[in-house]
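Heads up, the next two complexes both have chain A, just with different partners, chain B and then chain C.
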Partner chain A sequence: MAAPRTVRILREAKAGLDERGDVLVCLSPAAENSGIQIAIESTLKSLFGDQIRASVLGVIEGYGLKDLKLTVRDQGALDYAIRARVQTAIERALKEGE
Partner chain B sequence: MPDTNGVVNAAGRKVPLEIDGRRYRPYAGAFAEPPKEDKRRVGPRLGTILHPGDECMVPTLREAIERIELKDGMTVSFHHHFREGDKVLNMVMAEIAAMGFRNMTIAPSSLYSVHEPLIDHIKNGVVTCIEGGSARGKVGRAVSRGLMDRPMVIRSHGGRVRAIERGDLHIDAAFIGAPCADTIGNCNGVKGPSACGPLSYALADAIYSEKTVAVTDYMEETPVIPISISQEFVGTIVRVDNIGDPSKIVSNTLRLTRDTVNLNIAKNAVRVIEASEVFRNGIRFQTGAGGISLAVTKFLGERMKKRGIVGSFGMGGTTESMVKLLEEGIIHKILTVQAFDQYAIQSLLKDVNHIEIGAGFYANPHNRGTAVNLLDVVILGATEIDIHFNVNVNTHSDGILQYPTGGHSDTAAGAKLTVITTPLIRGRIPVVVDDVVVVSTPGESVDVLVTDYGISVNPRRQDLIEQLKAARVPLKTIEELRNLAYSITGRPKKPEFTDKIVALIEYRDGTLIDVLREVTPGR
Partner chain C sequence: MARLRRSRIYLPGNRPRMIQKGPLLGADAVILDLEDSVSPEQKDAARFLVTNAIKSLNFGETEVMVRINPLSTCGLEDLAAVLPAGPDAIVVPKSENREGVQTVEKAILQSNLSKRVAILPLIESAKGILNAYEIAGASTLVEAITFGGEDFTQDIGATRTREGREIFLGRSMLVIAAKAAGVQALDTVFSDFNDEEGLRNDTLAIKQMGFDGRAAIHPSQIEIIHDIYTPTDAEIRHAVNVIRASEIARGKGSGVAVVNGKMIDKPIIERAEKIIRIAERLDLPIPEPEE
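Let's turn to the complex of A and B:
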């Protein structure tokens, strides 16, 4: 498998809902070499905080993204929903123009 | 050599043998600890001689507290029939604080979110110990985070009465919120603007406390009828403006859930009951007011009607749906320890076959007749259930104290068929797990788990497995259900605790079944 390309996000984007059983993901660009900054709020942080971070990072790394800020507001979303919301936010952030 | 810090009990939990000046025996099995032969019921001191014309009424709460000669360090008790609408506990404790009392123990039959002012009374040293029920909302959170130096004692309804009768829980003054009272101390809960139904949880308090104060906001001609708590036990009566918020005491109507997940769980629970040997004429059952439980009551009634089965009695947690079964002749009688809606209260007033029972009658394992032992079926919930069928109803999965035991462990021990109904997962939280945070009800008294992903029978009940298989009820092992839950949610991190014990979970026989520790700060 080829190493993932390095991609930069260009704009802010959101995905998901701030509702029970869902997660709101907000993504914004960051300065070069500032790295991946993730802030997680979750009603289940003590139980699933580490897993949420790992899932979010997994999706980001799959896109080869390097510098960005991402906030997660989780209200007990299942793992696949969290991954899908992050993916959607990234796809939106990568789109040019509009 | 036994570890002086504790022993592993029959539920597999390590518990101390001595804590906070109390000596405990470890839980040894649901019926393993009968009361000591030479042990007697305790009783309050006798009163003085009563003269004709003696008055029990005092004009203010303060005068009531002065009259009973309350002192620092005493134990005061309350009942929880007003639920989130209760004004009595806060009112009395505010007065006790204002009068400068300190180091008090409170013994409520349960606590609700509305009792949040307790947190300040604890911080200010007015209250230093809580015995009984459990704590919901912010009080539960605060206790779990180590608010108190002394551990809270959590007891079931039956266990609380047992503790009172044995003297483990000595009550100096019972403050009884009485929706309807008279001038010599007779009370009931079925009349007046703050009607709550029965006064079941307060009965033992009234009989065994050194002093009993009825706090009322509605009076009728002496004697009030019906009499739930008798003048023999009530020495002081005070009338205040308002003892409860009616809209939060009982519901006008509890609606049947429209959640298809819960409806299906209820249907499957009824299928289990119908396939078991207890589904026959004379069946006795208890359901409650939760979404699934309400639906079970309705569906079970429908199946009984269809199959021509007539039940002996329903018990609970009484709701309109249970009363309807009585009115339709599907069951003969109702025994009520709590009324959840107006319809149930009205039925208590008018139907001779619907009676109020005290918490001791209901569930005390050490008296001469306890109603839970008559149950064929009980439908219960769980915040967690583990692969040994141990059930936690006291804490959330994160270890924070949230719910009382209520009659959970009492009815589970008594009923022939104990059914736990719960969704397999709640949000992202798995309900079926490897190990529960605390054991409220031991797995040995749980027979069946019904979830939206399948039904599992406790392997101790091979007879039941045969009955259900014969009726083609599909079964899974509890390990399969746990695996299914974890495959959907992921395996949550275990809550972390310090060494400090914040709550003692007493089994109904007075042994220690588990302890809850302080949640690690910052988590």
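Let's turn to the complex of A and C:
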């Protein structure tokens, strides 16, 4: 993971597979100072919604990102997979934005 | 003693549900695959997934191997991503010479890990087979060389058959090279996972040839492979008696012992010792020698 820094997401990016045990992550830019907006879709949201949000936020903060929209469609992914998919989406967004 | 590598199962590196089943499958090793089972546009995603899986999941006694992509494509990027997570071994596909192994060795040593990471070159071409001894001896981190039957068959222009005549010589050369270099020889997959009888016969044959284990592509294959590679009660009992008889003979100053009417010499004693080591590793019951 990259060292903390302030970085902006300028392009959309997706990661993950639409299948059980995985999570589909869609990342898109947001207006300046609009903050980090996370939407979680999961059949287990009432049980694990807070945990998923914390995992996602942990990765985002590690990259020093400030303003973005992120939707997470979870199909029962474990924490390591959620973090990996968010990392992938961020890296793709940053790479595609170069 | 080298690690027990009777079975190692391939798991696609971009499929979380399959990766996290890995520790539960009972295989001696899992191969988290970044190569053939991952499409080119998902290589980045698989690297993150495999890296996080190694860091987060408890694989217990199961050896965690990562098959990187060939060094001629994005293998070095794979190494840079996964090595900090500390896998137990790196499987290097399309290994054809000493230099490839040494490139991987350099990356491992430069990653300054506190643990040892083994190198398992995957030899799957005519050139690789001809250079197998050089590959096996290219680094002290090489603990086994492994055979890739499907790619090898294609490389030599042969047709893959159930009986495997087309890969017999390649397999034999790989075993000889491995043993000459003092490393394990590990065999290829048996692709038709519905053919249990074929897998059983093929695994019996490769065990007789000197292979120390083989790869699996389906969880159902693991039990059959272990069944063949695990010493039976009778083999363990015989091994115990061989070792006891050799000790008695040595005590009497004689180099020759006899068990069940057969002369016991050094290779037989060494084979018996290997069986006992495997039995101990697997916590199998070891009887007292018969007087």
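Convention: the second predicted complex is superposed on the first by the 92 of 98 C-alpha atoms of A that agree within 3 Å, B and C clash if a C-alpha of one lies under 4 Å from a C-alpha of the other, contacts with A are read in each partner's own complex, and residues count from 1 in each chain.
Quick note on the criterion: a contact is a pair of C-beta atoms (placed from the backbone, for glycine too) under 8 Å apart; a residue touches a chain by one contact, two chains touch by 3 or more.
Keep in mind the model is a prediction, meaning the values are calculated, not measured.
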Combined model on chain A where chain B meets chain C, clash or fit: fit
Touch test for A:D22: chain B only (first), chain C only (second), both, or neither? second
Touching A:S34 in the superposition: chain B (first), chain C (second), both, neither? neither
With the two structures laid over each other on chain A, which partner does A:L78 touch: chain B (first), chain C (second), both, or neither? both
Contacts for A:E91 in the overlay, against chain B (first) and chain C (second): which applies, first, second, both or neither? second
Tell me the contact category for A:S46 with respect to chain B and chain C: first, second, both or neither. first
Determine how wide the angle is at the CA centre of chain A between the CA centres of chain C and chain B, giving a multiple of 10 degrees. 70
Between chain B and chain C, which one contacts more residues of chain A in the superposed model? C
With the superposition applied, I'd like the minimum CA-CA separation between chain B and chain C in Å. 5
Indicate the residue numbers of chain A shared between its chain B interface and its chain C interface, in ascending order. 20-21, 77-79
For chain A, which residues count as touching chain B in their complex? 20-21, 44, 46-51, 75-79
Under the definition above, what is the set of chain B residues touching chain A in their complex? 397-398, 427-429, 488-490, 492-493, 495-496, 523
Please output the residues of chain A touching chain C within their complex, sorted ascending. 15-17, 19-22, 77-81, 83-85, 87-88, 91-92
Within their complex, state which residues of chain C touch chain A. 14-17, 20, 44-45, 48-49, 51-53, 55-57
